[in-house]
Every structure is written in structure tokens, then in C-alpha cells.
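After this come two complexes, each holding chain A, first together with chain B and then together with chain C.
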Partner chain A sequence: MVILPVSTGLIYATSYSLGLTGLMSQGFTTAYWGEALSSQDVWSSFLYSFWVGIVSVFIAACIALGLALGWQRSIQQGKLSYFIFLPLCYPATVMAFLVHQWFSPSGFFSRLFYNLGIIDNLEAFPIVIRDYYGIGIILCSIFLITPFFTILFSNIYKNERINELENLSKTLGSSVNQILRRVTLPILFNRSKTTLLLFVIFVMGSYEAPLILGRQNPQMITVAIVNKIQKFNLNDIPVGYAMSIIYVLIVIISLNFSGILKTFQNRKISNI
Partner chain B sequence: MNRVLKYIYACLVVFPVIFLMAMSFAEKWRFPDFWPENWTFKNWSSSIFGQGDLLYSLIVSLGISLMLASLVCVISFFVSKEIAYSKYRKTYMKLTLIPYILSPIILAVIFQYYFAFTSLTGKILGVLIAQLFFALPFGIVIFNNFWNDKILSLEQLTFTLGATPKESLLKAVIPLSKPAIILCFFQSFLVSWFEYGLTRFIGLGKVKTLTVMVFNFINEANVFYAALACVLLVLPPIFLLYINKKALILKQ
Partner chain C sequence: MKRIFILVCLISLWSCKTEEPSSKIDLSNWENIKEQGKDQEISMMMWMGDPKINAYMSDYILPKIKSEYGIDVNIVNGQGNVIVQSLMSELQADVDESEIDLVWINGETFYQLRQIDALHGPWTSVLPNSEYINLENDFIGKDFQQDINGFELPWGNVQMTVIYDSRKVDSPPKTKDELLAFVVKNPGKFTFDNHFTGLTFLKSLLISFAENPNELYGDFNEKNYRKYSEKLWDYIDKIKPYLWQKGEVFPENVAQMHQLFASGEIWFTMSNNDSEVDNKITEGLFPESARAYVPEFGTIQNSHYLGIPKLSKYKSSAMLFANLMISAEAQAKKMSPEIWGDGTVLSLDKLPEDQLQYFENITSRKHAPERENLQKFALMELSPEYMIRLSEDFRNKIINQ
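Our next item is the complex of A and B:
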């Protein structure tokens, strides 16, 4: 029930990309694959998605680390825990809309800076939405995934009894800096690296935020694939299918190489 | 200082809800005005009680999400049991994780032909089935941790004591699995509630869930209605968080 639809879907996508089926089908051809593999736009989309994924996860993990270590007790119990969980209630669509309304040149912060006299016109506000570096998409992803990481780090800190290890290190004469570098961070990183890598893939595959906050060139890979498949040019559809197969292969191969599938299947989902 | 930082953080995470609420009551908000020209109930009254398009979307979204959450709970409960006690548990779980890891929009792209072939595109049933393919692995992963040796031994004990398979399931296994069922229900509900790409692609924009409506309003440059749709999207998860978190804290 889970695998059959995916595999039949992949078979159809592969057939379409090889010219074996579809409206423009003229028999077996590798031309569409050649076009997809040699297209600079396709590879820049993959690299752009990877850039957005890796930067978002890195910044979100740093913020979450600070929150989890600083407010450990408050996160596990008390009223603050509600506020830590609250951002999980915002769907990507809502968060992307909010980022657009806050950071666009005529958005909330632009109005605020104008009224405070920091900027004197629309153009003076820095371009954050639909910019080359994907800052808007990165901001949106950070808002969305930081609470997950905060809860993750907080749970690891509690379950691995890092507090007791820190106290032991302190008794043995370690400084605060040494405890952080040699005890706390290595344990947290080792226990969370699988999830961090998975989130890079999740951000790479996000669709709503790039649709609202992204630009035409470079595009995130999901938007690029959908654009190819929904275009009026029928010759683009097989290329779009070839791109989707490349995406699936890259995800599966990278997960297998990093051993994520093996380790993730044995992990317990944290009860949030 | 720490207390002040906590208050700042709390204000920051609540700010989106306040901002969206304010926008949903706003009218004519031109740059560089910091506040809208008018505050009005018109957006709410016309879209919920007047034309009723957002009320319809709210009902459609709730219907799809509740139906999906119920289906995922029932199906993944039994499927995960078969997987958990199978000789090939690791292989099955590895295969289960593939749709879980792939982007929903990519799944929609590769499923699309079969939905068009069976005339399920543009229909609520089609969206529900497409979401099921994506949400089911979530449920299986959640329940997979529940089925362990302890539960197996307990089930065998009930049989030894003379219970029928039905009695064992209803009076022993299901009560024990209540936390997993609640978690699975909430997670599946949220997966469906938050979903846009797959719903838009398989629903062809005809299945107007709240997320689809947000994008429609954005494309029409009607930001006040988009904000209203966002408020409707955010409130049910906040309610679920309140119940779920409270239950967890009380349990602790």
C-alpha cells in the first residue's frame, strides 16, 4: 500500500522521461535525460536547494542549541514549554505568507523602519524576498524548524543525562568552555546528526516557501520540477519527469550512503 | 535577565498570531502607513457568513484531515503490527521510509498519471487517497515503536487466560496503545491540515482546502483574506497543542 504507488509512479515517470509514453511519445529516447543532465539550470536548482537546506539547518540548530541549553528546565515543564511548542502550529504556507508580509519592501518592517526614520523610501529596504541567496526561504525554514531542534536537543540532553556528565566534568576540574566543547556538544551532535541530515533533505524538498518567497532563477528543485511538468511546452514534461527521478535517486543514494535509513528505522520518534 | 529573554521569546512566537488577526480585520493598508486606514469586520462576515467560501474551505479541510487521521490510525495500527512481528521488519521499515522522506510534491508529480487515469484528480476522494499514501508511513513509524516484546507477551498472556483475539485487542492492546493512537491521530491530522503542494497538484485547485485558498488569495493580491485564511489554519493546531501538551504535562 505504501511502496506499490511509489514504485508504479516511478515506473511511469521513468517511461515518460524515456519517451515510452506520454503525449509526445515517439519511442525510446535518452534525449530528455541528456537535456536534464546537461542543463545548467537543473544542477543550479539542486545546488541552490542544497544551499538553502544546509544554511537553514545550521542556523536553526545553533539557535535551538542556545535555547535548549539555556532554558533546559523551562522547556521540559512550565508555561514556557507552550511557547516553545507554539511555532509548530504554523504551517509552511502561513509562515511563508508572514515572512512575505514582514520582509517585503512594502512589508511590516519596511513600514516600521520608514516611520522610525531609518529608511526614506521603499528601495532603501534590503531585498530579502525573491533574492538571489534565498534569504526569505532560509528565514522561513529557520522559523519552522528551530522549535523541532529545540525539543530534540532538550530531549537528548535529558535522556542522555548530560547534566550529570557536566557535573562530573566540573568535579574533575574542567572549565565551562571545555565541558561545552568536549562533553555537551559532541553528545548532542552525535545523537542528532541523523535528524539534522533528514531536515536538510526536508528543507530541500519544501515547496510552499520557495513558491511564495523564491525567485525564477535559480529555483528550488521542487518548484523547477512542477514548472517543467505544468508548462504549456509538452517537450518540457519528460524533462520534468527525468528531474523528479534524479531527485528521488539523489535522496535515496545519499540516505543509503549516510546510513540514515538504517539508523532511522531503529530510532524512536520523540513524543512531542 | 533570563526572565526578560523568556518574555521576549514568548512575545516573538505569539506575534505571528496577533499580526495575522490584525491583518484579517484590516482594510486599505498603504505604504508607508504603519496602521491600516480602517479596521473592519467585513472580511470575516463576508467570507465566513456572506459568500461563505472560507467557511466551505474550513469544512473541506476539517473533513479531509479528520478522515485522513482516522484512516491512518486504523490502517497503520494493523499494518505496523504485521511489520513489527515480521521476519523482514528492517526491510519493510526501510521501504516504508521512502515516501516518508520524499517531498510530497514530488510524490504528487509521480502519482499524477494514475489519479488522472482513474478520474480521481480534482476530487476530494483523490486528495484523500494521495494524502493517505504520504501520511501512512508517519503512522507506521509511530506505531512501529509500540509493538515490542512486552506487548507481544501481554497479548499471549491474555490468550492463555482465555481471551478471544477480539477481547484481547479491545480490552488489552488498544487501551495500552492509547498514547500512540492519540499521537498518530494528531500527527496525521497536522500532515493533512498543513499540506498544500500535493493537494493542489492532485486536486487541480478544485479541492479548495484552506492552504489552497491562502495561495489563491495571495495570487489575487488579497492579503487581508489570505491573513484570515491563515488565522483559520493556525487556530485548530493551537487548540490541539493545548490539549496534547496539557495531557503530556499532566501525565508527567
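Our next item is the complex of A and C:
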């Protein structure tokens, strides 16, 4: 049921990008693909999206790991859990606006630092919104996905009985550092690597946060595609579709290389 | 699984099939239109980003059309590209009738909708109130240098203004040289957006670099575009390091620019509605000290229009609705600064005595410049291809550098 709409959408986008459909279509052409593939803008958008995705997931995973291991007991219940899981209630757009209100040069923290005398004027606040490194988008993504990772790590810790393995290692004379490096982290990483990669793709494909917190150059791939499809030139629409197909191909190839598709296939076969 | 797949395909195909329109209506006879159009329910797609405009529509226009013709109008939010995408999808899907019966558009959207042949027309001359429209005025009769040819109905007329905070700016820059000197002296306080309003500002600058604006008016001229855009990009290059965030990034749209202005991050914003400064002060978004002006190098004046999609099933109802919106009473009400402040498209010279009265007691503007003072700095909209080229070159030559 999922494959049908996705595949028809991909077929439509492919035929649009090849000039086979669309009201402005003038017959088969590879010109739009040529334009998309040779555009430096397109490739820098892919790299930028990958950077934002990988950094966001890495930082969020580190924070979640700290929370899951540090507060094992109180994380699933009590007031602390409300605080940690509160961001789960926030839609991406709301979180992006919150980050904007907190960290923009005229935002909450800038005014707070100014009133505390830490900075001389509001403009002296470091630029983290619409900045070159995508810090605003990364912050927003971290706020959104850290609770997911905290739940994930906490559950793996419990289900895999890591606590018992840690105790066993301790009785065999391992140091805290050795237990963490040789027992806890490898198990957690092995069990969560698929999810982590899927979240990199999820962040790469996010739209609202980059639209509100990002800049025009470099630009996240989703925003670049929508701009191509929706701005002033109707002849750019097929180029936008070509870009989206390239993005899909890159995601499929990455998943294939990482073995995720194989894992899904194996699960499907074993279910049958 | 295979059966389910085939079933879903069949259901999808079946759901695309719609019934043929029940009747063909003669749209050249107003009495027929009145008869056929009343007591229907129609949809209008328009930008709903301004509470005052929304209030004008919901509190005045909608009750009036309901009481006069029994027409219920469902207003749907969407502008420019959303309208084009919606109508384009309907045409591509080969549906028999559109979800939308009336659209609020101008220039570049009109150009795109004509490119894909999505508009019904010509239809405007049938409306009784259309005889009072000032079509002889090129700012109304032409849309982005294109003849409207009855495919869209003029609804309002506006001119771009630059808005500034008078507490921070004693004397706003009036010429290009003054603007350059101002931004160098006050870095980070001026910018323009990366969308329609910013491009309109760039178009105004482009025209100001031409020895004679007529060189850029009319159809797109590659030679003249190259000649004057080179000067434009040289100028933007000079001011870029002193723009907001050193010109490395631009607000994505005018709403973002208004927010930056309201928070004091920048001292200038812009608007394509010359009375917007009053509206935004009343709403509490802009400070009381906000003022609007037009620089001496001029700004674009343009009109906005109403169009009927080719696939609309309720064209006669849409025409009744459009006729009401260009009535003297509705136009005068829209012109009041406290209601909207939108310029009329009617020629007061053509209006009969009994309808002129509506325009007699319109309150004057508070902080926005009077329309008659703006006219001498009014520049015409350029052909849509200029906007496409400016948008591409702005990205390649300014943003990406």
C-alpha cells in the first residue's frame, strides 16, 4: 500500500524531468538532467544537507546516550521525563520558530546577554540563525530528535540487559572506562545503527527548519528543490523533479550500501 | 497482494473520472449570468496574510454577495505559486472542473497562468461595473507589460514604498548615492528580501539605471537587460558588505523582513502596498515611529487582478462576485486606510454622480504618503522575463558570491 503511491510519484517525477509530461513539455530531453547534474548549487546542497544530518544525529545521539545512561531510573517516569520528552510534542515548524526566537540577534538570549552586560550590543551575539554552518538547523534538529534517541537507548539498555553485562564485566575486573568502551557502547551502537542512519536521512530531508533557519547559500536540498519547482520560472520545474530523483537515488544507494534494505528484506522473508 | 494492487489502481482511475458539467451557460449576457450565478457556492483563492484584508473580505464583501445574490464564498489561502501549482495540477490531471472559481493574482502569476492556458477569458467587459475601470491608465490596463485582454479584472492598485523607523533614521536616503552612503555609515541596518518584494526593489533600481525607462518597458530585451543589469549588480556589489548580515544572507520574504524591522534588527523594510505602514502600526507590529516614503529613483506601481480559472464550474457566480468587488462602494471602502488602504482601479471621471459620493469622505492616511505624491515617482512593472532573469542573476551573482 505504501509502494504504490511512492512508485507512481517517482514515475511521474522521472517522466516530468525527462520532458515526457507536464503542460510545458516539448518532448523527450535530457537537458533538465544535464542542468541538475552539472549544477554546483545542487551538489553543494546535497553535501550541506548531509553535513547537517550527520552532525545533528551525532550530537543528539551523544546527548541521548548521556541522558539514557546517566538517569536510567528517573528517565522513564517522574518530572524529569516530562522535561526530556516535552520536545516530542512540538511540530518542526514550532520548534524552528522557538529556536529563531531564542537565538536570533534580536532574540531572547541575545537580549539576556545584553542586559547582563556580557555583550555590548545585540549584533555582537554570535550568528547561529541563517549561518554558514547551519547551526540553527542543527540545534532545531537536536531538540527534535534527542528525545527519540533517549527512549531508543534506554529501551535497548533494558532489553539487552546491558546492566547485567556491565555487572559481570565489573566482577571480572574491568574498569568503568573499559566497560563503557567494550560492552555498553558497542551493544547500543550495534542495535541502533539502522535507526541512526534513518534519522540522518530524516534530517537531510527536513523542510520547515531549513526554510525558517537556513540561508540561501548553501541551501538544504529540500528547500532548493521546492524553490526550483515553485518559483517564477515554470521551465525550472523539470529540473526540480530531476533533483528530487537524484536525491531519492542517493538515499537508496546509501541504504543499500549500509545493508538496511537487506535487513528489511531478510525480516520480510523470515516473516513469510 | 496482486489483487489489492489492481483494485487500488482501478479505484484511483475511477476516482479521477468526474461528471461532465451539467449545462453550458451563455456568459455574454449579464441577465443570464445573474440568473445562473445566484444561490451557488464558490471558492476563491487569495493571499490571506493580512488581517485587515481578511476582515474586509469576511465582514463586508462576503455578507454583501450573500445578501445580494445568495452566493456563499469559501475563501482559501494561496497566492502566486500555490495558485499556479493548483490549477496546473488540475489541468495535468485532466479534470473537468476546478476546485477554485476565482483567484487573486498579478503580473508573474498572470504570465504563468497564461503560459499554461489556465484562465478563462475574455470575460471582464460583460460586467456592468467594468465600464468605470480606468483601463487607459497603463498602470492598470497593462499587467507586467502584458495586455490583460479581458482575461483578468483589475481590482486594486498599489505602489511600492520603503518603510523606515523615524526614531533611528532622521532623513531617509532618497537617491542611490545617498543609499550607498547611508548603508556604509550604518552597516547591517538595510536589506531587501529574496522574493517578490525584494525583486520589485531590484526592478526599480534596474529601471533607474536606464537612461530612459522606455528602453526596458515593452517586451524583454536581452541587450538592454545586460547593459543595465551590469550596472545594477555593480551597485549591489558595493552595498552588499554593509547590508544586514553582511549581505551573506537575505530575508526569505517580506514577512521575515517585517519581523526583523519590528524587532529592531533592521531599520528599513519594504511593502508593495503603499498604505501598509498605517495598517501595521494599527496592528501593533510596527512601532508608532514607522514611516513610509518613495525614494527619488522611483518604485514600481502595479495593479492586482481577479481571474477565473478555465475549469471553474461556477463562472457566472464568480463574475457576479467580481462585479461586486469593483463596484464604487466596495472600491471606496477598500481605499479607506483603516479598512485596507488599497488604491482604486476606477476612473472617478467616469463614475456617475450618485456613485462618486462613496469616494468623498475617505479619511486621509496617517503615516503613509498620499497617493498623489507618489505618482511622480511611479515606475511601470517590467515584462515577467525580467523578473525571472533578475531572480536567477541575483542568486548567481550576489547570493552565491
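As a working rule, the second predicted complex is superposed on the first by the 258 of 272 C-alpha atoms of A that agree within 3 Å, B and C clash if a C-alpha of one lies under 4 Å from a C-alpha of the other, contacts with A are read in each partner's own complex, and residues count from 1 in each chain.
One rule holds in what follows: contacts are C-beta pairs under 8 Å (C-beta built on N, C-alpha and C of every residue); 3 or more make two chains touch, one makes a residue touch a chain.
The model shown is predicted, which means the values in this text are computed figures rather than measured ones.
When the two complexes are overlaid on their common chain A, residue A:N233 makes contact with chain C while staying clear of chain B.
Once the two complexes are overlaid on the shared chain, A:L211 sits against chain B and chain C alike.
Look at A:M24: by the touch rule set out above, it reaches chain C but stays clear of chain B.
For chain A, the partner that touches more of its residues is B, with chain B and chain C as the two candidates.
In the overlay built on the shared chain, the residue A:L122 is in contact with chain B and with chain C. In the superposed model, A:Y132 lies in contact with chain C only, and not with chain B.
In the superposed pair of complexes, A:S244 makes contact with chain B only, with no contact to chain C. Once both structures are placed on chain A, chain A residues 1, 106, 122, 211, 229 are touched by chain B and, in the other complex, by chain C. Every residue of chain C that touches chain A in the complex is listed here, in rising order: 4-5, 8-9, 81, 84-85, 88, 91-92, 108, 112, 115-117, 188, 194, 245, 248-250, 252, 260, 263-265, 384, 387-388, 391-392, 395, 399-400. On the side of chain A, the complex with chain C involves touching residues 1, 4, 21-24, 41, 104-106, 122-123, 127, 130, 132, 211, 215-217, 229-234. Of all residues in chain A, those touching chain B in their complex are 1-3, 5-6, 8-10, 12-13, 16, 67, 70-71, 74, 77, 80-83, 85-95, 97-98, 100-102, 106, 108, 110-112, 114-115, 122, 198, 201-202, 204-208, 211-212, 222, 225-226, 229, 240-241, 244, 247-248, 251-252, 255, 261-262, 264-265, 268-269, 271.
On chain B, the positions that touch chain A within their shared complex are 2, 5-6, 9-10, 13-14, 16, 19-20, 23, 31-34, 75, 79, 90, 93-99, 101-107, 109-114, 133, 136-137, 140-142, 145, 179, 183, 193-194, 196-197, 201, 211, 214-215, 218, 223, 226-227, 230, 233-234, 237-238, 240-242, 245, 248-249, 252.
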